[in-house]
Amino acid sequence: MAGYSANKKDLQDRLRRIEGQVRGLQRMVEEDKYCIDILTQVAAVTKALHAVSLGLVEEHIGHCVVGAASEPDAALRAEAIDFKVKEATDAIGRLLR
Amino acid sequence: MAGYSANKKDLQDRLRRIEGQVRGLQRMVEEDKYCIDILTQVAAVTKALHAVSLGLVEEHIGHCVVGAASEPDAALRAEAIDFKVKEATDAIGRLLR
Amino acid sequence: MAGYSANKKDLQDRLRRIEGQVRGLQRMVEEDKYCIDILTQVAAVTKALHAVSLGLVEEHIGHCVVGAASEPDAALRAEAIDFKVKEATDAIGRLLR
Amino acid sequence: MAGYSANKKDLQDRLRRIEGQVRGLQRMVEEDKYCIDILTQVAAVTKALHAVSLGLVEEHIGHCVVGAASEPDAALRAEAIDFKVKEATDAIGRLLR
């Protein structure tokens, strides 16, 4: 089960709204809108994607990392935690770049 | 005429590819893909949007700012440059946030 | 105990290096270096700060979130996890902005 | 002459304040402050660096790009503009990454 299962509908709604924003950008280019207005709209889409990322990070930490921390075998637990934390940090690093 | 007119087709192609990536994200969520894989893909879309922004910034500076700099009347020119430079910097600031 | 205790020396070394980079920037401005070269150096400092952030996030998740997950009382545990995960996500959100 | 000459004092003041913030971070780590509070402070330094970058970008566009646009020889002018615009865009790209 994915960490975001409980909020799957909300996540899909956000992604559909972002898809609509990207189509809106295409319309703006089609109609030769002013470059600064397009840039402002691109910044809004980037911000909406950041919000999606943050939601996913929150659910990943709350479900996958915490899930690893409840593994009963101590040695497996330490390994599972290290793996999940590393994975989360790498993903956050890709967002920061 | 918009600053990006010469590259309008290229810009539309990039935006259509981004729209496809966002639809791909919806499919990943639909199929309960692992949250880290979705995050990696969200980071890729953000990066693609940054590339679009940079292209627009380049064309804005090269056309709109430089256009203002070629206004023959000195007083109007100084004012037009200030306006266009401020506008470009504000747009870049929104991208950095 | 802070989540970063085990790597405190490494963290201090990085921060001292960043302090040196910022002083280097002041020297560049003092010597009227070209703005683009200064911008390149500012981008390097920002990158170094991102690396520091990521290290802190990794240790926060690995210690503070995982610590909350090992609280024996189930009700307290759920609450502690929620609190720590929310705190981490808010901090990551401030980095993305 | 650098594009930021007119605001050199302001730029140095900002950089000195950033240096102070980085030293403040070292004190926080020395005193084992909570990782989230350090992260919040790192985000503030990153934001201050972004403000410095934006100031430099604004002055670069306003002075160096506009300077190139006032080159009287048309062939040299086109080349100088292309060079300066490319340089500015590359620098902004490094900030976005």
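Letters A, B, C and D mark the chains in the order given here, with residues in each chain numbered from 1 onward.
By definition in this document, contacts are C-beta pairs under 8 Å (C-beta built on N, C-alpha and C of every residue); 3 or more make two chains touch, one makes a residue touch a chain.
Model, not experiment: these values are computed from the prediction.
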Name the chain whose C-alpha centroid is farthest from the C-alpha centroid of chain B.
C
Does the chain A and chain B pair touch with the same residues on each side or with different residues, judged by whether over half of the numbers are shared?
same
Based only on mean CA positions, could you tell me how far chain A sits from chain C in angstrom?
20
Computed distance of Cα centres, chain C from chain B, in Å:
28
Specify, in ascending order, the residues of chain C that touch 2 or more different other chains.
50, 53, 57, 88, 95, 97
Return all touching chain pairs.
A-B, A-C, B-D, C-D
Can you check the complex and tell me which residues of chain B touch chain A?
1-5, 8, 11-12, 15-16, 18-19, 22-23, 25-26, 29-30, 32-36, 38-40, 42-43, 45-47, 49-50, 52-53, 56-57, 59-60, 63-64, 87-88, 91, 94-95, 97
In their complex, what parts of chain A are in touch with chain C?
50, 53-54, 57-58, 61-62, 65-66, 69-70, 81-82, 85-86, 88-89, 92-93, 95-97
